[in-house]
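Chain IDs A, B, C, D, E and F follow the sequence of writing; residue 1 opens each chain.
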Amino acid sequence: MLHIVNKSPYQTRNLESCLRLAKAGSAILLIEDGVYAATRDNIAAAGVKAALGSVSVYALSPDVEARGVNNLLLDGVKLVDYGGFVDLVAEHANTQSWL
Amino acid sequence: MLHIVNKSPYQTRNLESCLRLAKAGSAILLIEDGVYAATRDNIAAAGVKAALGSVSVYALSPDVEARGVNNLLLDGVKLVDYGGFVDLVAEHANTQSWL
Amino acid sequence: MKFGIMISEGPYTHQATDTAYQFVKAALAKGHQIHRVFFYHDGVNNATRLTEPPQDDRNIVNRWSKLAEEHGIDLVVCVAAALRRGILEENLAKGFRISGLGQLVESGIQADRLVVFGD
Amino acid sequence: MKFGIMISEGPYTHQATDTAYQFVKAALAKGHQIHRVFFYHDGVNNATRLTEPPQDDRNIVNRWSKLAEEHGIDLVVCVAAALRRGILEENLAKGFRISGLGQLVESGIQADRLVVFGD
Amino acid sequence: MTESTGGIEVEEETAGRVKKFMFVNRKAPYGTIYALEGLEVVLISAAFDQDVSLAFVDDGVYELVKGQATKGIDVKNFSPTYRALEGYDIEKLYVDAESLKARGLTEENLIVPVEVLSNEEMADLMAAQDVVISF
Amino acid sequence: MTESTGGIEVEEETAGRVKKFMFVNRKAPYGTIYALEGLEVVLISAAFDQDVSLAFVDDGVYELVKGQATKGIDVKNFSPTYRALEGYDIEKLYVDAESLKARGLTEENLIVPVEVLSNEEMADLMAAQDVVISF
């Protein structure tokens, strides 16, 4: 299953709920303001770091670049472009957008 | 100063920021989905309870009733109707809406 | 007392415009004045005359138009925000006018209180 | 593979429709098919032909119309959501059609994947 | 039925295909329209003979709270519709236990009978769907 | 100037009145339009000769992050505008220290010089305003 999170982890608690209900082996794609969750030295990063052992975490590179946080990314988070986003959707049986 | 919070304390962190930046003696009015913060036995209630010593906390009664949480309200939270909302704005020198 | 109102969200989708409407009605009932209601961001969507809500629902746009007619309230739609969202003279509801953002700042200066309703 | 897309937010205010557009373009570039783009909630506001964004900004509505024209993509606006928000045949942009919510469920059935873009 | 279903002749277009649809409700009612418009999709989905379930997670559990009285905000109370879902053969209503508990609520506070699921149960159920539509 | 100010002859209508305006920015850029449209209000306010300040709280601090490059999302990068505010005599930019810290950011990461305030300083400043407009 591919989980898609598009909100900053500070503004909403969507990421928390996603991390709580994502099964081991599933993937999480951070898009739009969700990419802030993939930056290091922030409070939300702890949850993402802990999840990296059991789920794959991706961040959408155009959104990362737009927000100027390229150099602040957590190790272990994989960058994908829109084509990579399409591939992730195709590779997983279903998707859940945490709106 | 009158602080106005209209979001559920679970969906966003607006209430947290409001409680952090509300000065002693100021007032907080919970409206719309913000009224859930005034219900007892929930996680957000702790912050509101702690704040009750130094700030006045109000909840908009039509919003409380709409959501069916009348019987779940925290002690110490005062109910106001739309007229009371107007009075609160008039009584305080300024307002900040935590959107 | 004179109140200025800013509304940042469109009708039906967010409660902001409902709450603002009830606030304005209550303020008028208490003898206060409404200096202006300024519609910004998606708030400009309150001003389209084309909405057709279900029969058993409130009609948010008409409610504003009626309030403007009965109480002479100045309903101002931000021109820049309106152009972005497709609110033009041709689909503008009765009682609304389109003008610049300065009308919001001026309302902040002229009114005794400015209250923001949004999401 | 066949993708269904649902968009829940209006243009400019939320990035959802931008992301959905880039996703659709990338999917087409990879040889996938788009079964349908369904506009629900405030997403129906993507379908007004009246928007006039600033010159130096993207034109979100025209971008959808052009995509529909070039790739024959089915852009469906939910009728109930559209009536509530003032999107009617008279202000509908090229390439969009208004229909019922069943079109969303059908897209869920017919497409291999349904992806939701919202706020 | 063709009007509500968007002109689709359900039996012709989808004959034989039964997919697992889950509607995930995560927003409180009235503050925004997502819960109400979400319910409209659920009702339409009943016409398509699919395997439909509803999940109530996070603030979505507030949609089911008993005793909603909306006269004061001049908005229609749509909570009784959840009780009518059974008549549409939509009977799988799942509530996230942790969301309920965090809000100080129990099943007693809810307007309909539901099945309360643990994190693991909810995660399994979600992962087993063909289509997940979230509001 | 009358077009951008909504037809208002600034000097006539507001002569002599100087109020304290604070614009509170609490949203990240690009995900929603509030930051951009908020900035448009700030620029207009400069024409009215008021005592204007900007507060950046919560995700609002992300508006000021250096190195934004928006080509990939096909949206205009408006962050350089914050550097232009000085030319409009808008020089009071306040950043909430706790918001910055929680996000792993320092003043080094920001595109403009700002004054970083403690909780107490921000609370005092906010309470001292005549008009607070939040986005």
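We take it that a residue touches a chain if its C-beta (ideal position, glycine included) is under 8 Å from a C-beta of that chain, and two chains touch if they have at least 3 such contacts.
Remember, it's a predicted structure, so these values are computed and weren't measured experimentally.
J.: Along the shortest chain of touching chains, how many steps lie between chain B and chain D?
T.: The distance in steps between these two chains is 2.
J.: Suppose chain F were gone and every other chain stayed put; which groups of chains would still be connected through touching?
T.: Connectivity check, chain F excluded: one piece.
J.: Would you mind naming the chains that touch chain D and likewise touch chain F?
T.: Output, common partners of chain D and chain F: A, C.
J.: Given that chain A and chain B are copies of one sequence and touch, is their interface built from the same residue numbers on both sides (over half shared) or different ones?
T.: Counting shared over all numbers used gives more than one half: same.
J.: Taking each chain's centre as the mean of its C-alpha atoms, give the chain farthest from chain F.
T.: Computed centres place E farthest from chain F.
J.: What chain lies farthest away from chain B once each centre is taken as the mean of the Cα atoms?
T.: Ranked by distance of C-alpha centres from chain B, the top chain is D.
J.: Measuring from the mean C-alpha position of chain C to the mean C-alpha position of chain D, what distance in angstrom results?
T.: Distance between chain centres, rounded to whole Å: 28 Å.
J.: Counting in whole Å, what is the centre-to-centre distance of chain C and chain E, each centre being its mean C-alpha position?
T.: About 33 Å separates the centre of chain C from that of chain E.
J.: Mind checking the centre-to-centre distance between chain A and chain C? Centres are C-alpha means, answer in whole Å.
T.: Roughly 38 Å, centre to centre.
J.: Residues touching two or more other chains, restricted to chain B: which are they?
T.: If we look for residues of chain B contacting two or more partner chains, we find 6, 10-11, 13, 32-33, 62, 81, 94-95, 97, 99.
J.: Any chance you could list the residues of chain E touching two or more other chains?
T.: Within chain E, the residues that touch at least two other chains are 30-34, 58, 73, 75, 130-132, 134-135.
J.: If a residue has to touch 2 or more other chains to count, which residues of chain D qualify?
T.: Answer for chain D, listing residues that touch two or more other chains: 8, 12-13, 15, 19, 22, 41, 80, 114, 116, 118-119.
J.: Can you name every chain pair that touches?
T.: In this structure, the chains touch in these pairs: A-B, A-D, A-E, A-F, B-C, B-E, B-F, C-D, C-E, C-F, D-E, D-F.
J.: Note which residues of chain A are touching chain E in the complex, please.
T.: 1, 13-14, 17, 20-23, 26, 93-99
J.: Give every residue of chain A touching chain B within the complex, in rising order.
T.: 10-13
J.: In the complex of these two chains, what residues of chain D are touching chain C?
T.: 10-13, 41-42, 45, 48-54, 61, 80, 83-88, 90-91
J.: Which bits of chain B are touching chain E when the two form their complex?
T.: 6-8, 10-11, 32-33, 36, 39-43, 45, 61-63, 65-72, 81
J.: Please give the residue numbers of chain C that touch chain F in the complex, ascending.
T.: Residues in contact with chain F: 6, 8, 40-41, 76, 79-81, 99-106, 108-110, 114, 116, 118.
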